[in-house]
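Take a look at the following structure, please.
So that you can tell them apart, the chains are marked A, B and C in the order they are listed, and the count of residues begins at 1 in each.
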Amino acid sequence: MANTIIMPQLGETVSEGKILSWFKAIGDDVKIGDRLFEVETDKVTVEVEATVAGKLTEIIIGNGVTAKVGVTVAVIGGGAVPPAPQVADTPAPAAPQKLMNAFEEVATPNTHYGNALGPEGLRITPLARRLIVERGLDVKEIARAAAAKGLRKIEEKDVSGFAVQNSSVQHFAPTSSADGQVITLNTIRQRTGEKLAENWRTIPHVFQAIDVDFTEVEAVRARHKERFKRENGASLTYLPFIARAVCIALQAFPHVNARFDGKSLILAKDINLGIAVDLNHNGLVVPVVHAAQDYTLQGLAKALGRQIEKARTNKLTPADFSGGTYSITNNGAFGTSFTTPIINAPQVAILSSDAIRKRPAVISTAEGEFVAPRLIGTLGQSFDHRAFDGAYAAAFLSKLKDIIETKRWAGELGENT
Amino acid sequence: MAKTSSSENDDIGNDARLELWRKQVEIRDCEKRAYDLFLQNLIKGTSHLSLGQEAIAAAFGVAMQKGDKSFCTYRGHAHTLARGVPMEAMLGELMLRDIGLMRGKGGSMHLTSVEHGVMGSYAIIGAHLPIACGSAWRAQYLGEKDVSVCFFGDGTTNIGAFHEALNFAVIWKLPVVFVCENNLYMEYTLNADVTAVASPAGDRASAYGLEKIVIDGNDADVVYRSANVAIEKARSGGGPSLIECLTYRHSGHSRADPGKYRPEGELEKWKERDPLIIYRQRMKDFGFADAQIEAIETESKRKVDHATELCKASPAAPIELLTADVYADGGWAWRN
Amino acid sequence: MAELSYRDAVIRGISQEMERDKNVVFLGEDVAKAGGVFKATVGLYEKFGPLRVRDTPISEQAILGAAMGAAMTGLRPIAEIMFSDFIAVCFDYIANEMPKIAYMTNGQIKCPLVVRTGNGAGVRFGAQHSQSVENWTMMIPGLKVVAPSSPVDVIGLMAAAVRDGNPVIFHEHKALYATKGEVPDGEIIDTLGTAKILRKGKDCTILALALMVHRAMEAAEILARVHGIDAEVVDVRSLVPLDTQTILGSVAKTGRLFTVEENPRLLGWGAEIASIVADEGFWNLNGPIVRITTPHIPLPAADHLEDLALPNAARIVDKIVRVMNG
């Protein structure tokens, strides 16, 4: 039964010690109380005695070597003695409960009502700033009025007498008793929300959907997904198949991969594929895989995985968001049939893939028509009706379906039959 | 079964002797375990051991009654055990676990058990001497019969609170016993080098109209007799006493201190007068069988091991304790 | 109802509590036979006897230590530290012993006692006998701290302090001992941790303590009459626990905060309150928080210099007008 000898705790603030010299050699017998070694810390030099008996079988930290407190420095083996008590860390306490109060003795307000420096170079007192926001006032107008009066700052008195200016600006009514919890949007949501509203307002969206049979894709995917996971650390989902098919289809329908500036449709040279990534219900970001048409299925799967991972770990750079020409949004996780997505201007279309699941389908065979379960998913596309018309868009979807259902996916994954 | 005392004039008696022996042995074993646990980083912070000074705490522990109040310093493990506090509560506090006497809130220097009359261990030198006077004043005022016993070191005799407390206790004739454990050293300095008189406590007694009492602090019988006299004097309204007990500490001031400032041979000379060596022989002299003497030692080691296991198994205190008991209502609210 | 002086209110407050509870005892220097150097404890010795009202030697550490030991084991002592400056002499008990014993012992030991002390300036005692040291006690976790400004508050807060069960530092103001106020008959018990709005107003909030309360009230009258500024005056009364709700509520109403502090500038009691309001009450502020204090100097003995140093009504008015109109 071996006993480990550790670098002892030699002082309240000591964290390591240097062994100056061993008094025992490997193979020596050790009795309780024998001097083992001399250790030097930044405060003191001490001789350490043995608390167990046995034979010194191993010296791990030798003369002149420094080790941290608690590190094993030697082993004393054998002997019919109880083992030296194990060095046990203090057991972790039960899952810590919220101690908010102790460290929030003063309730710092959560809301920020704007900066101290306002328009016209005037400073605005905190109270005035709050009132401006709460009453939905126009700070520029207030600042102009104050400047005109020759004031150097804006106080509460300078804010009264102004009514709500813009009816489209939200008027914050005092909270009524009918209100429940107020959830303020985080910055990402706010910014995204503004953009979404703008896009919805300005682009004439038309939505078309097509059912796609994924049974063959799934067969190939099932054969390769574990190897893929092992080799790449990322999952092989339906998304890379859809994205690859989109890239091929877009090359046949270039108007769908274009920019609309109000007058002209500017076709893009590359397919810069944007993938909508949900940040744990905390907002949406759409990172881009540039020149996606150059990737094979496996390459595209890895590139998509990288962008999604970067999005989830908050490592995206501005370059990751720039230059998108077409977007895909995955909404299947909760089993929805289809989704009508909002286009990311200045793109002209966006594809949604929803739940892919077994549905009854009519299969035509030489023996006749049968109903069989097939893996079917609905792909839906919102497109900008100014950029092209419904027939073009529908033909694109038809091509997409065809690619997904009939392409030799096995070849893309290295099967050579 | 012990034989009757060999001396017919044994004023101490078998029961007390067994208690004196047991307490010293248990204090020794528990303090040695504390030493080991500190080296294993299971006892954190600081630790001031009473190795070599067991006789004083043990003797007073036997002499004091239930209800008497003791006040000691940060070198208070021995005094805490001597009043009957279970080993696991004491070691547990040193290990800062939930099983500890104060659940880790106070640590080694502040051991307190109101249940056992241990009314605090005090880290600021001299602070508890006036506090012990206050406890004694309360007893006197309410007509209660308990005695307050206050333990401190030789260095304390030079701090202001010592002198204020002695004067205070004498003029109000308080039921308090002041016990100076003179182990010759303050932290690293020989107390004699910085004290105007040879006996730091004994030679101050006359300044306060008290009798000079300097005794061998390593002989539990000697301390026990002296303790009984002083406690009885206090209990019967005779006022305070100041007792200086000569002793020596085997280890450094605290765990960080290997005690290298001590002259060559001094430790060895004092170890020959180790209280346990003295008292083992005393037990034999008074007819106790080896088996009985050793049985107490064996049982002590078993208790220490058992206490150690209990402590190791004990979790740290829940974090709600961080803000608990700042005020008497258990809370900590400084604002509304 | 009767008119009582501040010093007679001290006697009445202590007396009320000693009558109610036999465990309340009182000790200090010259407090018993002489009735106190400020004559604030006259008659207690005669009424309650030499066992309950005790003269001590000049031993501040022993006074507080003994009070603590007695409190720990069953009594409810009131201890006097004659001049609050002397808190520095026995600071170990104020900072290290009394406020920490409950916490360190995991609630086993409590320390129910009151330390009453003569605080403040204005009586020409010089630098070591004139300080305002509420902040020396406010800053220690585990203590409670009060500073009454009127006789009725002396009685009520003394009663609350004795009954509280914690170490309470009771700062009496030396320059207020002779002042008088209306006091109702019968038992008076107040609540620690409560401020009092002495003058309601809408333009600015003035916080003050003890002697400065009277000067703030004087200033408020001038502000209203001469400058058309309607000030709300809050007597803070209790520094720990602090009535932040009343203070924050007042600032929410007025948007402006001023403190009037007798202590020297740095880290006076108003600094902490200013910090709390600048944090929790930030969006109610319509101007900077301004502290009006004694300058950061020891106090002189010379009467004209001492009067110049402490905030007075004129200086308070001047500062507030300049800030409000700035």
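The rule is simple: contacts are C-beta pairs under 8 Å (C-beta built on N, C-alpha and C of every residue); 3 or more make two chains touch, one makes a residue touch a chain.
Note that the coordinates shown come from a computational prediction; the quantities given were computed from them, not determined experimentally.
Trainee: Which two chains are joined by the greatest number of C-beta pairs in contact?
Mentor: After tallying contacts for each pair, the winner is B-C.
Trainee: Would you identify the chain whose C-alpha centroid lies closest to the centroid of all protein C-alpha atoms displayed?
Mentor: C
Trainee: Can you work out the whole-Å distance between the CA centroids of chain A and chain C?
Mentor: 56
Trainee: Centroid of chain A to centroid of chain B, CA atoms only: how many Å?
Mentor: 60
Trainee: Between chain B and chain C, what is the gap in Å from one C-alpha centre to the other?
Mentor: 41
Trainee: Residues touching two or more other chains, restricted to chain A: which are they?
Mentor: none
Trainee: Please output the residue numbers of chain B that touch at least 2 other chains, ranges allowed.
Mentor: 334-335
Trainee: Could you check chain C for residues that touch two or more other chains and list them?
Mentor: In chain C, residues 276 touch at least two other chains, as defined above.
Trainee: For a test of understanding, state which residues of chain B touch chain C in their complex under the given definition.
Mentor: 69, 101-103, 105-107, 110, 112-114, 119-120, 122, 124, 127-139, 141-142, 148, 160-161, 164-165, 167-168, 171-172, 321, 324-330, 332-336
Trainee: Applying the document's contact rule, which stretches of chain C touch chain A when the two form their complex?
Mentor: Spelled out, the residues of chain C in touch with chain A are 255, 275-276, 279-280, 282-287.
Trainee: Considering the complex alone, what residue numbers of chain B touch chain A?
Mentor: Contact set of chain B toward chain A: 36-46, 96-97, 254-258, 260, 308, 312, 315-320, 322-323, 334-335.
Trainee: Chain C touches which residues of chain A in the complex?
Mentor: So the residues of chain A in touch with chain C come to 106-109, 111, 113, 125-130, 155-156.
Trainee: If we count contacts the way the header does, which residues on chain A are in touch with chain B in the complex?
Mentor: Counting only chain A, the residues touching chain B are 6, 8-12, 14, 43-48, 51, 69-70, 85, 87-88, 90-94, 96-97, 99, 101-102, 105.
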